Amino acid sequence: MIAVYLVLLIPLAGIVFFALGGHRADRGKLNVRFNAICLLATIWLAVNVLNQGTILSDNKAFLIDPFNVYLIVLTAFVGLTTSIFSGPYMAHEKDLGKLTDNRLKLYYSMYQGFMLAMYLVLTTNNMGIMWVAMEGATLATVMLVSLYRTPESIEAAWKYFILCGVGIAQALFGTILLYYAAMQIGDGESSLLWSVLYENASKLNPEILEIAFVFMLVGYGTKIGLVPLHNWLPDAHSEGPTPMSAVLSGLLLNDALYAVVRNKMLVDGASHSHIAGYLMMGFGLLSFLVGALFLHRQKDIKRLFSYSSIEHMGMMTFAFGIGGPMATFAALLHMTVHSLTKSAIFVTVGHASQLAGTQSIDKIRGLIKTQPKVGWGLLIGTLAIAGFPPFGVFTSEFLVLLATMHSYPWLAPLLLLGIGIAFAGLFRHIQPMVYGDKPEGQQPVKANLWPVIIHLGLVLWLGLAIPEFLANWFSQATLLISGSTPL
Amino acid sequence: MNWLIAILQTSLFVVLAPLLAGWLKMCKCHLQNRKAPSLLQPYRDLLKLTHKQPVVSEQASWLFIAAPYLIFSATVLAASVVPLIAVNLPTSASADVIVMVGFFAFARFFLALAGLDIGTAFGGMGSSREMTISSLAEPAMLMAIFTLTMTASTTNLSGAIAHVLNEGLILRPSFVFALFALILVAIAETGRIPVDNPATHLELTMIHEAMILEYSGRHLALIEWASQLKLMLYGVLIANIFFPWGISETFGAKDLGYGLLAILGKLALLAIFLAIAETLVAKMRLFRVQEYLSFAYLLGLLGMLSHIILEASR
Amino acid sequence: MILLSAYCAVLLSFASGLLALMMHQRQNLSAISEYGFNTFFTRNVHCRGWLNKNLEERRFPVFLKQAVFVLLGLSGVFAVIAGLAVLLGKGVITDQIALGLPWLPWHIRFDGLSGFFFLIIGIAVCAVSLYGPGYVRTYKENEHPFAALGLFTGLFVTGMLLVLLADDAFMFMIAWELMSVASYFLVAFQHENPANRRAAFLYLLMAEVGALSIILGFGVLASFSDGFTFDALREANLSTTWASIAFVLALLGFGMKAGIVPVHVWLPEAHPVAPSHISALMSGVMLKVALYGLIRFCFDLLGDVQWQWGVVLLVLGTVSALGGILYALMQPNLKRLLAYSSVENIGIIFMVLGLSMIFMANGHPQLAALGFLAALFHAFNHALFKNLLFLGAGIIHHQTHELNIDMMGGLIKKMPQTSALFLVGCMSISSLPLFNGFVSEWLAFQTALQVDVLDNGVLRSLIPVAAAALALTAALAAACFVKVFGLIFLGQARSRNSEKAHEVRDKGMLAGPALLAGLCFFIGIFPGVIIHLINNVSSQLLGHTLPNDSALGWLWLAPVSAEQASYSPPLVLIGALIAAGICYWYLRRSPLTVMRRAETWDCGFGGLTPRMQYTSSSFTMPFRRIFAKTWIIDEQIKKDLQGAMDQDVVAVHYQLHIQDHSWPRLYQPIAQGVNNLARQVGRIQTGNIRTYLGYSFATLLLLLWVIS
Amino acid sequence: MNLEQTDFYTQAILSMAALVGLTSFLMLGQGRLLRLIFVFAVQGFLLTLTTVLAAYSLNNPHLYISALLTLVLKVIFIPWMLRREVLLMNTHRDVQALANKTVVMLGGASLMVFSYYVLHPIVQTTSPVMLNALAVSLSVVLLGMLLMISHRQAVAHVVGFMSIENGLFFAAIVATKGMPMVVELGVAFDVLVAAVLFGIFFLHIRTSIDSLDVDLLNKLNEVDK
């Protein structure tokens, strides 16, 4: 249990440390250290959960089951690698004069704040706290989106703030309804605890639960970036500092989806209409297709990949919506590989735009010739995210496809269409950027590409073989979500 | 023994080819009120050419010199497949009618290459036209031949001829179409009027002659001989497939003699028809050849369809 | 043991890729070797000296490149061994590798069909690795890093081999896509040219679409069975409709890779721009892997073939064969031309495969085996001669820096060995007797002529027409390759580059093609060798073989029966030698008639220049007129006029652009559709936050309404 | 439902609900910023009253804390801050004429009906009073959104946003007798931070586009020009 507290206290300490720590040159490295310790703590936690099964803390404040523990580790891992990247990146931004030291302080402090919010979302046993933490994550990142203080970044941050705020308010209404439904069967204040709710799921009033789920879906769906609630997402991703985009895409969206899936589990427990699944499938498919189409028109490299995130979140939502062990397994796997790949891509994208001095796709050229590692990283990352084997994204997409073929064969062509369109949309922009001769005077930048290599390596590994412990982990989570395992 | 007769037959083919050319020329001259050269004139020409010193362009590569030999031997091999006086010879088992078409293609391939070797405009022109016409003629020819082979259910020429021979006289509509198709193709492939004119050297019209413009001496002799051989070969094909009567099925000397006489008669007759046709018809423009050949193809197709629908329907 | 050598082949090719990555690791390598010698092999001084010498700054790149290709070559050798062994052993070997999904390890199955394609790949890879070191020498390391080339070549071969070994849908797709992606990088290798980038994009896009279609095909099968292993898929009990849907999906997917008209467009774009030895592998081998996929899917997994599928294959094959060769005929770019000719050959293979299916479905398994034989044989032959031709094209490109055949000419004198090898390739591909191409085409004709046994009137009339189209294809192919050989090697040089060209010095670059040329000729004379091997495949897959070589012995080829048709290449060869020998001897015996060299006759005008020669477009002009509807022809003649009343023509500019119909008819509408759709969708992102809030509001209301 | 038969508490809650709903309508139709803020403060005050009422009648002491929080945040701090901003930026004289006020008001009214319709299934499990209360709070939430959609000033957006929160609070108090304390504290903390951030943003927006009109924040779009 200590591990949980550690996981939460370390970033809290980080916030305080960076906020009060004065001006230090080595903040980047310290940030890495904070995240590294946190990762160790999460691994410890994960080992505990793997050995003992679900952990419920004594005061019932925290619930760690196989589903969220793996997301916790993933969060810590991506947080760590992104912080590795962000050190030199932010230093370079400061050298360019885009940032003042105070803002850098804010950045690091809020980085830890965001991590804290993420951990809290995942670990808490209380739906209300989850909501609070989710809102907290928005608040922590909103200042980061406007970190550069350009008119566009302020616009983006404002939209992010308002849309997510309003969205999440709806989720709160859903939470209240759920609480209300739970109150009907007694139990007072503990009714908002997941552990209690799951036990009593079958007794809850399904109709209220469904209404609550709609609010949750719209609320957290705004954070997932489901079309048509996605509008804040490309703006926020493109205007904030790149490490922020990496964690937003890699973590925040996942956690919001986590919240929706938790609720779906509850609704599924209470009602047998599968309405939650259908709603998720509909939203997922719509997001997937629209996201794929949006890719074609992008002029900004970070916007491009944020639409790709929308598309992939759509795919996951769709897969969770299908339910069933195979689709759920696929969705979990997709969550993992998408976070890893997307954050790796944002790392290379950050370097690429630093190289070219712009985020405009038309002006980024000849990456491979300028700095081979960045170019190849971007290219291979894009291949991976587009679902080419042997990368893990392919595995999960393959499973989603087959699950779809099995349950809803008439939807499979749509899914394929989306994959094809998305692929074309990505590559028509990526190719001119990475290939070709380098523009005059383009110089390599200082870059730490280990995060990219590690992430893509992991994704490759997951594509070739899913290691035993991870497979067990996934299938336990699948068991939790869908009631049976694919193994 | 069989092999000996086969070799003999092939040699006979080779030897008789210039005679047919001479006879054709003679008939044509008579028809056109000209004084005819001797029947043996082609032999004399060939002999003279072989004794001349060949002059070869400086531009020519080894391919140019090797081509006549390759062309000639490919044509001879094609001839060895076709039954002239007797069927059931072993050579015709070693290669069937498709292989024969392959030999023609082989010869044509090298002829066209030789035309391109020197790098003159004429050679290229000839090669281009030759390849065009032959690629249109080949499907028409195969269509006609397939009609026969499907009737006889064998692609062995000697087998097919034996089949027709043993069946006796049956009037098959498919054969009529096939015959006409084959005649049209034969005219195109051997470079006769109205497709090509072997006597012309006018640059705008010549095809075959354009390719061999640079040849002289023994090389020219070989190519000329090969084309005479090809003419005879098509004649024999038409004569022996559609009118196989007289061809020998055993290897007795008498039968073989009758076979020889029969084929000589048939070829003589065919040559007369050809001479008449060449005298009456004018040469076509090059780009009307496609219509001509697609007509041949159509005939072949009709033959095939009538075989399938009328004769072998189930 | 057999499987072990198959694994060796896979691993060696993979290792060659990894080794190529060491290109920039010289320091580390020498450190490792230093360490290794110091600790383990202290006494082995000789070996150490050798290694140290090779690890020197200057020698290292050469050494590494050679080492990479040696590994690749070994992989090829092992593939050949494994292929032959499994074909002769007639066994089926299965295995599992603990990779892949937790409940679905990679299933491996090595049977006759895979073995046969192993053989094809092995031979091609051997030839390529002989050829490679010389070819890649010209690439400048800082512009075109060898690491990328070597790595992706290795992965490409690995992918192809793994496709053949795969026994479950998942592994199949992984290997399949590995092959696609690796070859994509190879196409994009010289990415500073826009053409390469465009081709690579198109290629990858179509590979992706094709792969998705294949996945869907597997998905259809999988939804009727329990699992993704091929064993489970074989058991799937499909209705005819679903089976047909699966077939169409597989056909689309595999056909896209194989380059069937009208989904062939990536092929003439991608093959020409890759390095030549890669084009050779792509055109010669990768298309065969697609073919393997189709055969595996239709004949093995689907099981009961329908005759309608056969008709579809037959028609598509015919269209591809004719379309491919007609497009090829018009190309002035050598490698593009070869790529289009691959479309043609794949078309022929599909056609014969279609025949085989028709016979199979109509209950004539013997004839089906004949068609199958012809198809596989042609696949084998095509791999040989297309490889040969691409390698030859590579040599020509290497020496003249040209790919436009209108810029070449007269190379036969400058590059005699290359020209001889290339001639063999041209003759094989034009299916001239004595060479391997002819044998498979002959078998194809024989298959088509067995149509008499069928009852269906439509088929009985359709198949002969297809056969005639095959004849037309063959004749056009001959015309095409007369053009190719004639314009490149014969005549006079049309540009300075080809005037200055000389024979390659690297023996390996000739050895690779020579190996292939030798095989082309050998198989052309002794086709029985390969037929014997294919018979083993068809007995495993179809349960029937040909009754060949019983009556007439090994000398003869009599696929159906000796009475019906027979062909004996050795006898034909002997006959040809005798005939040529006699006349050669007869004509050459007189010393008086020694050949005299003289100037070419120039009609008395004086001065024949190379520009007077026929060019590619003039050579094909008659075809262009006859088959005008096949292409989109844009011919422009512009005259520069001058002088009084603009009467004097100073110069004439001639431009000819010939385009495929499939571009404007099929691809541009799709691309435009997607763009339009994207534009429409883009309108929802208005930038106004109130609109966004409106979406959120409307969504909420809509969902609430739906739910209640 | 028979109002006479219910107890005083229920009657009071229902009256409060009606008043809260009314304030939402007033805000929706309000074009002047200062008045809008004032109405918002009144809504906050009503909410506080409701909370106190609930705390008193349900004997739930922690609701007093949340009443206090609401009072401080929603009645004093936020209106004060917004008012300060408005005065600072000299926009208090701006009158934004709503494009089609009638339609918006009618839409608001139908939202109320819709809320009843949507929440109808709740009747099965509880008293109609609860339905009324929840429906009103849902309609406050929806009206808040409608307010944001129909108004262009950033300040109005903040008010709308906060009024959505008010609706949520109302629902929480009436339907579930308040959320657990931790949650409530957390939510209050979030609201506080949000309010501070809004203040910062006004400054930034003001400096970047020289206005607080959100329609001018439209650089990031995907529409073909």
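In order of appearance the chains are A, B, C and D, and numbering begins at 1 in each one.
Definition applied: contacts are C-beta pairs under 8 Å (C-beta built on N, C-alpha and C of every residue); 3 or more make two chains touch, one makes a residue touch a chain.
Keep in mind that what you see is a predicted model, and the values were worked out from it rather than measured.
Looking at the partners of chain C and chain D together, the chains they share are A.
Chain A and chain C have CA centres that are 43 Å apart.
Taking the mean of the C-alpha atoms as each chain's centre, chain B and chain D sit 100 Å apart.
Each chain gets a centre from the mean of its Cα atoms; for chain A and chain B, those two points are 78 Å apart.
Rounded to a whole number, the gap between the C-alpha centres of chain B and chain C is 36 angstrom. In chain A, the positions touching at least two other chains are 158-159, 162, 166, 170, 211, 234, 294, 297.
In chain C, the residues touching two or more other chains are 679, 682, 684-685, 689, 693, 696, 700, 704, 707-708. In chain D, the residues that reach two or more other chains under the touch definition are 118, 121, 145, 148, 157, 214, 217-220, 222. The set of touching chain pairs reads A-C, A-D, B-C, C-D, using the touch definition from the header.
Residue ranges of chain A in contact with chain D, taken from their complex: 126, 128-129, 131-133, 135-136, 139, 142-143, 146, 149-152, 154-159, 161-162, 165-166, 169-170, 172-173, 176-177, 179-181, 183-184, 189, 192, 205, 207-208, 211, 234-235, 238-239, 294, 297. Listed in rising order, the residues of chain B touching chain C in the complex are 50-59, 61-63, 65, 69-70, 72-74, 76-77, 80, 91, 93-96, 98-99, 101-103, 105-106, 108-109, 112-113, 115-121, 123-125, 127-129, 131-132, 134-143, 146, 149-150, 153-156, 159, 213-214, 217-218, 221-222, 286-287, 290, 297, 300-301, 304-305, 308-309, 312-314.
Across the complex, chain C meets chain B through its residues 409-410, 412-413, 416, 423, 427, 430-434, 438, 442, 445-446, 449, 451-452, 455, 457, 460-461, 464-465, 467-469, 471-472, 474-476, 478-479, 482-483, 485-487, 489-492, 552, 556, 562-568, 571-572, 575-576, 579-580, 583-584, 587, 590, 592-602, 608, 610, 612-614, 618-623, 625-626. On chain C, the positions that touch chain A within their shared complex are 98-103, 145, 170, 173-174, 176-178, 180-181, 188, 191-192, 194, 196-197, 200-201, 204-205, 208-209, 212-213, 215-216, 218-220, 222-223, 228, 674-675, 677-679, 681-682, 684-685, 689, 692-693, 695-696, 699-700, 703-704, 706-708.
Here chain D touches chain A in the complex through residues 118-119, 121-122, 124-126, 134, 137-138, 141, 145, 148, 154, 157, 161, 164-165, 167-168, 171-172, 175-177, 179-183, 186-187, 189-190, 193-194, 197-198, 200-201, 204-205, 208-209, 214, 217-220, 222, going by the rule given at the top.
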